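In this document, chain identifiers A, B, C and D correspond to the written order of the chains, with residue numbering beginning at 1 in each.
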């Protein structure tokens, strides 16, 4: 099982390969980052955007949290980690795309659907419960269409609904709406299904279809 | 410049390489994740834990936000994304280690140190400002030791102080303290300096020294 | 510039990544190899089959020499390195495919076409000259179609002719012919053009067309 | 099992990753190759130098044949594939190092030690037999020290002796000797043991010890 010593082994590999060999790329990165894409993904260890998308250092500005959620725009106080990251990406880095990446077998979506931690205290699931309340609307919409919330179909519908929810919430941020309206920003959704390893991309109607290879 | 079409290209590579070739590993991952390590890292595109640590899918449960911050334990309402992820990792996945990974050239730390967005409105840096107020204490401690807050030394001190702050805040969570006391959880800090590509690991006194190769 | 110390660095990476992580694969490889494909490629440093084809250890039995040449079947004495490898692959390992991989900018093909070392002594190109005499027939056929042997077109034609020559020579080996006739062996040709990075695959008429992605 | 269609899949990955991303490196390689190292390795599918040494395109000029053999300098006719490659590497590319890479579980060494194909006809092992006669001297020296030629110890001794034999034969080439004497060329030996995944490097006395990480 991987532990910190293994991570340090991995760092030694990074040192003598990517760091040393990609000298020109790192020389540019030392000066500053200029990613064109922001990715909002789940913390799940199986859904590492750099692995699923096979990217290089410098290519994606990445937020990861339980269930790839974006809270809605709020003017009140408190710590708004995702909002800060979105503000940084859109207004400072001026990324051209935001990708919300959901995934199959998502523990957060499952907990939201089942209400697993609904009355749990903090330290026993209470934080998770509060966080996935962001998916209350998604849950309702899934419940309308699926009698059995424990079915595979309901779970998949919930994972897609979570992506749509985060995208809707992104659009509650005035600066996001402005950038989109100005044609400076595109928002995309996708779900990586762990079951079959397929990435499904959201179309304009909010449906999801398997990603296709680029035509040559 | 990398855009979503490039990410889909990368996914096509993932499909015909890791997904197809690591069939046994993915068969296990389909059933569920069992990462032993949680990593809390910055959203910065240059500090991708999977690249710096050269890991495989399934090895790290990852939170990423601006400046790799952990807010302190709070019992009040609101959306506590990092707290939810820590609760999920420690009480549900029962990870054995949490690594807070800071980095050089951190825009969030720089903004905290300079107070760049101190009076900015939401959408002009206000969210960032609120978020990096988590580093107020760190900033004070750095200011004590460094007359020139714009110096390289102050910047580096701030990046290390941010890691220490997140670790202190982790320890305000009762379930984190309990797991540590029971010997079930270790908390580690590290900073990846983009300037020289070196990973510095926090020692018991909160100082940082370059990671060493494992003795054979 | 890469030297042996760099190769040993690379081996250290291999040790802590592929060797350690692909335990199951290497456990099988320890018992013996069972490659299904033999590749005959040039020694040129830019045309590494494992990189062009992105393979894993155990997948290809590989011969590499100047200009990816196969001498014809001979019953006389002497050291027949390529013949020994083909015999080993076809009769002992029972590979199902042999791929002759040519490439653009091939120094050996260029020397054959220009007769660069035609009268050179051993140690000044004499060995190269003798070796690329295997391409005398190819040169003639190219000379028929190309007035200017120094043209790009002639060079490319020669690189393709070299692949066809090796395939013809492969078919002078009775055990190769037998395996092909029995449907146990397929022989394929391809050329990797360094200029545009495109792999062209030989069709049944000996022409070459860009490799196409597999239909899903 | 990997077949040609899988190799073409791998090429599609190469196209959208290394080829596209390492534009600067490939722009240089298009002009010509300048490897500093020549590697002479076995055709065995498990001992791919680019994987064991984790190299990039352009770094190694590679010869591969059964049992990583170099025939001695000969002035007679015939096709001398290895000699041509050595001549090309040393006199045209002016490499600074030649590495002979042997390996454990070597089928060619085993056949040489056991005389497996000693009286086989061509097509039934005759080519292999002729080729591994290059190891007759190595076999004799192993037989002196090992009563049981089927023992693990004898096999390992043979694999090391094969490397020493190739190195001795390299030194029968006048232009190799000259380059070595002038300090322009170093010759090294190593054996990759498939059993334990360890690379052992030849010292000045012809003994082999595990490769050590570079001191920082």
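Heads up, the rule we're going with is that a residue touches a chain if its C-beta (ideal position, glycine included) is under 8 Å from a C-beta of that chain, and two chains touch if they have at least 3 such contacts.
Here is each chain with its UniProt name: A, B, C, D = Carbonic anhydrase.
All of these numbers come straight from a predicted model, not from anything done at the bench.
> Residue numbers at the chain A (Carbonic anhydrase)-chain B (Carbonic anhydrase) interface: does the shared fraction exceed half, giving same, or fall under half, giving different?
Same: when the shared numbers are divided by all numbers used, the fraction is over half.
> So which has more C-beta pairs touching, B-D or C-D?
Counting C-beta pairs in contact for C-D and B-D gives the edge to C-D.
> How many angstrom between the C-alpha centroids of chain D (Carbonic anhydrase) and chain A (Carbonic anhydrase)?
Those two chain centres are 47 Å apart.
> Taking each chain's centre as the mean of its CA atoms, how far is chain C (Carbonic anhydrase) from chain D (Carbonic anhydrase) in angstrom?
Once rounded, the distance between the two centres reads 16 Å.
> Calculate how many whole Å lie between the centre of chain B (Carbonic anhydrase) and the centre of chain D (Carbonic anhydrase), each centre taken as the average of the chain's C-alpha atoms.
The computed centroid separation for chain B (Carbonic anhydrase) versus chain D (Carbonic anhydrase) comes out at 45 Å.
> Touching two or more other chains, which residues of chain A (Carbonic anhydrase) qualify?
Residue numbers touching two or more other chains: 9-10, 12-13, 17, 54, 56, 213.
> Which positions of chain C (Carbonic anhydrase) touch chain D (Carbonic anhydrase) when the two form their complex?
Residues in contact with chain D (Carbonic anhydrase): 1-15, 18-19, 26, 29-30, 32-37, 39, 43-48, 50-66, 69, 71, 73, 75, 77-89, 91-92, 96-97, 99, 105, 107-108, 122-128, 130-132, 134, 173-175, 186, 188, 194-195, 197-199, 201, 211-214.
> Tell me, which parts of chain B (Carbonic anhydrase) touch chain C (Carbonic anhydrase) in their complex?
17, 21, 24, 54, 56
> Give every residue of chain D (Carbonic anhydrase) touching chain B (Carbonic anhydrase) within the complex, in rising order.
9-10, 12-13, 16-17, 213, 216
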